[in-house]
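Two complexes come next, and they have one chain in common, chain A, joined by chain B in the first and chain C in the second.
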Partner chain A sequence: MATRTGNRWGSPIVYLAALLLIGVMLGPVVYIIVGGFRTNSQITVDPAGWPDPWQIGNYLDVLRSDTFWRQVGNSTIVAVATTAGVVALGVMASFVLAQYTFRGRGAMYALFAAGLMFPATVAITPLYILIKDLGLVNTLPGIILPQIAFGLPTTVIILVPFLRAIPKDIEEATAIDGCSRLGFFWRMVLPLSVPGLITVAILAFIGSWNSYLLPLFVLNNQESFTLPLGVQAFSSQYSVDTAKVLAFTSLSMIPALVFFSLFERRIVGGLTGAVKG
Partner chain B sequence: MRTSPPLRPRRRGIGWAQRLEITALSGPAILMFLAFVIFPVVMAAYYGFYRWKGFGVPTNFVGLDNYVTILQDKPFREALLHNGLIVVLSLVLQGPIAIGFALLLNQRMRGQSVIRVLIFVPYVIAEVIVGTAFSLMLQTSGAVNGVLQSIGLGSLQQDWLSNRAIAIWTLGLILTWKYVGFAVILFLAGMQNIPEELSDAAAMDGASYWQTQRWITLPLLMPTIRIWAFLSIIGALQLFDLVYIIWGQYVSSTAGTSTMATYMVTEGRNAGNYGYGNAVAVVLFIISMTVALAYQRFVLRRDTEGALTGGR
Partner chain C sequence: MSYAFIALYAVLTVAFGILPALYALYLAFTDAEGGFAGVGNFTKVVGDFRFMPAVGHVALYLAIWLVALVVLVTLLAIVVHAVAVRWVSSTLRLIFYLPGALAGASSVLLWLFVLDPAAGPIGGLLHLLGFDSFVEVIVPANLPPIFAVIAFWTGAGGWIVIMYGALNNISADVIEAARMDGAGRIQIAWRIQLPLLRKWISYMGIMSLAAGTQLFVEPQLLSQASNAIVPNDYSLNQLAYQYAFQQNDFNGAAAISLLLLAIALALSAVFVLRGGLFEKD
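Presenting the complex of A and B:
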């Protein structure tokens, strides 16, 4: 903010404090990744030490196991399908909320906005019964469908202001060219709203990739486990093999971290935008 | 909650074609939302009146028995107390720390954007991973005690997770680590919306850095802080993942970290008492709803627009 005047570097105390902050925030992450390169005896002797020598075996074991890749596959299917569903349904509903005037629009907006206050925790027990009645227990759609529904509030809240910001002149111009409102949606709104769509898509993807409570209820079968359940199962199954648990854990956080570092600006912008309106 | 999207009057009347468009475009989203969010919550209220194992149609109607049991059950009251403590801990730990770091990062400095990315990393990592890592680091023979030993502070070694006197503080610190980045990012965004002219003018009038922060930045940041506090309170009331992962289903109550949500899962689903579990869900819903509405009514009301719901 205050970069315009004076010394561009600022005070050294600021850097020291910032460095300390980063150390604390990244310490546990570094512990997981580096710990995966140690052996169990190294960890037992000195729980907080550095690998000596570095062991790549734990990581190779995990990468060679079918379990890990099956869980990566399940998590990917669930996250991709959830993201596609959230974005498709969300952008259509947001377009209606942003561009049409009709009775009940306020109520519709309120419905989605209220959903923002209640994460899945409150609804999980009856939701599980619903999924059981639908015969979707131990299936991936049993995770995907509820996740789409619970992802809609954030998506709508972020996209409505975004779609409303599309200049009216554009729509009027397309209307003069004989383009219907739906044609306007397809040819103008979707291409123009790609940045907003990317934001909600990434939020949906990371939310799904990290999701724990819903899979915990719906998936009881090892074959259908997603990565978070897999991490937990792995860490109780190999509770004595700490190094391998750390390797498994650090490999399973890679996709979320990669997505985040690629699209960090959009995620941060989207979240702050959603909260500040 | 203020929920009024601003009017943008359209000149065309609302004909049947338009109604069809509205239905076709918003129908799928509304149906999904009603089916998987609203319907389950409504059904919870119904199931909550039955003693029911989750098979077939519930028949054993018990009226308010489940609710009486919940309110009289000591573990539930303890869980409620823990939730209350977690709300307070989240606010008093994360709030000041986040304001401090946002002020820090709002200074002129190089590498600000890199730091912003890095402090947000814990927020993006899955709860399961955070839980697994911290339970390994904090166990009696774990890395935290190891570090304390090696830097000569061995007397500070603790049984971080199972000592009832400190487990809830441990939880508070883990939550701070996981979620403070979110608060910092929000506050930074709020600070960067404050016109620079204000602090420039204050500086010209001879205000010190701290005076400027105290009398200009903080007051103007209050709307953002109030919204963050709202999200933080709702999150703390419904806390489940980290507690369940780190303390497991049984240890959490003896370690003094159980929450209403972990109580709901252990006593409901894990015990096979679905009627009871649904009643707990209803209680959790009512408590969250009451707190949310009260907060909206008494705290958020003074902010000009319902910022959370995006009415612009």
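Presenting the complex of A and C:
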């Protein structure tokens, strides 16, 4: 970056605005998490106050309930399977699109672009009928398979520029050394694309963790609920017990928040890479 | 091998994307017995007394949200980009981006608490504005801005990051040349950065427009949380859901979906034609 003349820190107004915005962005999250440490009477007396004294009872209650852990289990299975599918299929498709020219490649790209725009909700009713015909209603694969399909366009759009950056020379060199295309993919492309793969994996995981619409259609019994459905069911069941609902809600958000913060650099790097594409 | 590698992807896309879309097409033009219905389903849903209000709700929400998104995201990206101290800039990006982790159901549930004057952190402010109960906050007139706030809260950070990346791509020489010619920060932003960002701004606008027409989760959760004070047919997608699961009229639901799809496809055509984003450079 070019050296700037004048004040390195820039205008104070910029920082004031940024501070205000930080409050708006982080405030709600902090409120939910801290609110779970209060009692209902504390919340009623002073909605915006700090816990006094801090109560961990709400969190313990939630952590001791089977319902919560069953939903965590369901959400984890769905998220992990979705992520694995999206990454495996995504890297294969991206590899082909990035490295080879073949008939219909332009059409494939148009399909991905359209796929990004194509919101799952448009065809959700027929999709539901299809899932029902396949006998997958109330099962986790009934969510996992469509989610993999929906997650692929984003994955491909992020991975293609990444894979394109692998020089052609490397493939020629490996070919001279007697390496097949498959061998090249397995031994060179996969190891080189690990950072990109982490980006798409995190995005797929978080997308699946927060997914609400598809589970709402496909899962109708409490046993198979994932967390977003569970949180909603819990909050209507215990609507008077605000503190406990806050605890349940914040516990359900924590995995996504942690993943996101840990891998923020990777996600941002991946998105920026796609921009440069 | 090329085709083999794409085959799995193609199978899933066909099974869960294209096939349901074609099925929707079939359903939309047939009646419950499977006979050809012409445009019967379309006239039925468009003539439904709930249809036009739903269109109005979604359009108003889109107008508020898109304007806020385009103006604020562009402004914030330029501001964050102008911060010369590296760690401040990257911390700001992380914080703006963080709520994106809660996109979907969590963010809506979270905002329901925040907007409750009796339990939320901004209860004082809400009381000042004349809202004394949650029911008063979620009167229909307030819903479009509320949904816009939720959508902005979760979605803006990702776009700020993308815009920031695009700003980084602008050659430093161009900016330096402008500065030599005596351009101030605001002039640089207005005359150089903004025009060079235009492609990304229109990309963001179109993507958000397409996503916004699908409004469902926010009003649906709010409707359930408020014991139907917010109607369960507030948005077009909710109306489609009502048709399918309350009235058992899958044909009507498909007709609504198809109308929404037509809008999404028209927008995506615009995006592909004028964006040129996925061409090889």
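In the analysis below, the second predicted complex is superposed on the first by the 256 of 277 C-alpha atoms of A that agree within 3 Å, B and C clash if a C-alpha of one lies under 4 Å from a C-alpha of the other, contacts with A are read in each partner's own complex, and residues count from 1 in each chain.
Criterion: a contact is a pair of C-beta atoms (placed from the backbone, for glycine too) under 8 Å apart; a residue touches a chain by one contact, two chains touch by 3 or more.
Keep in mind the model is a prediction, meaning the values are calculated, not measured.
Chemist: Overlay done on chain A, so just call it for chain B and chain C: clash or fit.
Modeler: clash
Chemist: Report for A:L89: first if it touches chain B alone, second if chain C alone, otherwise both or neither.
Modeler: both
Chemist: By the touch definition at the top of the document, which applies to A:W69: first (chain B), second (chain C), both, or neither?
Modeler: neither
Chemist: Where does A:A256 make contact in the superposed view: on chain B (first), on chain C (second), on both, or on neither?
Modeler: both
Chemist: Of the two partner chains, chain B (first) and chain C (second), which one does A:Y238 touch, if any: first, second, both, or neither?
Modeler: neither
Chemist: So, A:P47: does it touch chain B (first), chain C (second), both, or neither?
Modeler: both
Chemist: So in the superposed three-chain picture, is A:W186 touching just chain B, just chain C, both, or none of them (first/second/both/neither)?
Modeler: In the superposition, A:W186 touches no partner, neither chain B nor chain C.
Chemist: Go through the superposed model and pick first if A:K132 touches only chain B, second if only chain C, both, or neither.
Modeler: Only chain B is touched by A:K132; chain C is not.
Chemist: Touch test for A:P28: chain B only (first), chain C only (second), both, or neither?
Modeler: Both partners, chain B and chain C.
Chemist: On chain A, which stretch or stretches are contacted by chain B in one complex as well as by chain C in the other?
Modeler: Residues 1-2, 8-10, 14, 17-18, 21-22, 24-26, 28-29, 31-32, 35, 44, 47-48, 89-90, 92-93, 95-97, 100, 102, 108-119, 121-130, 145-146, 148-150, 152, 157, 164, 181-182, 206, 210, 212-213, 228-229, 231-232, 235, 242, 245-246, 249, 252-253, 256-257, 260-261, 264, 267-268, 271-272, 275-277, which sit in both footprints.
Chemist: Over in the complex, which chain B residues touch chain A? Could you list them?
Modeler: Spelled out, the residues of chain B in touch with chain A are 1, 3-5, 7-10, 14, 18-19, 21-22, 25-26, 28-30, 32-33, 35-41, 43-44, 47, 54, 101, 104-111, 115-122, 124-130, 132-134, 136-137, 141-147, 150, 177, 181-182, 185-186, 189-193, 196, 224, 227-228, 231, 234-235, 238, 240-241, 245, 261, 264-265, 268-269, 274, 277-278, 280-281, 284-285, 288-289, 292, 305-312.
Chemist: List the residues on chain A that touch chain C in their complex, please.
Modeler: Interface residues on chain A, with respect to chain C: 1-2, 4, 8-10, 14, 17-18, 21-22, 24-29, 31-32, 35, 43-44, 47-48, 89-90, 92-93, 95-97, 100, 102, 108-119, 121-130, 145-146, 148-150, 152, 157, 164, 181-182, 206-207, 210-213, 216, 228-229, 231-232, 235-236, 239, 242, 245-246, 249, 252-253, 256-257, 259-261, 264, 267-268, 271-272, 275-277.
Chemist: Which bits of chain A are touching chain B when the two form their complex?
Modeler: Contacts found on chain A: 1-3, 6-11, 14-15, 17-18, 21-22, 24-26, 28-29, 31-32, 35, 44, 46-49, 85, 89-90, 92-93, 95-102, 105-106, 108-119, 121-130, 132, 145-146, 148-150, 152, 156-157, 160-161, 164, 181-182, 185, 206, 209-210, 212-213, 217, 227-229, 231-232, 235, 242, 245-246, 249, 252-253, 256-257, 260-261, 264, 267-268, 271-272, 274-277.
Chemist: In the complex, go through chain C and note every residue touching chain A.
Modeler: Listed in rising order, the residues of chain C that touch chain A are 1-3, 5-6, 8-9, 12-13, 15-17, 19-21, 23-24, 27, 76, 79-80, 82-85, 92-106, 109-111, 113-114, 116-124, 153, 157-158, 161-162, 164-166, 168-169, 172, 175-176, 200, 206-207, 210-211, 213-214, 216-217, 220-221, 224-225, 237, 240-241, 244, 250, 253-254, 257-258, 260-261, 264-265, 267-268, 271-272, 275, 277-278, 280-281.
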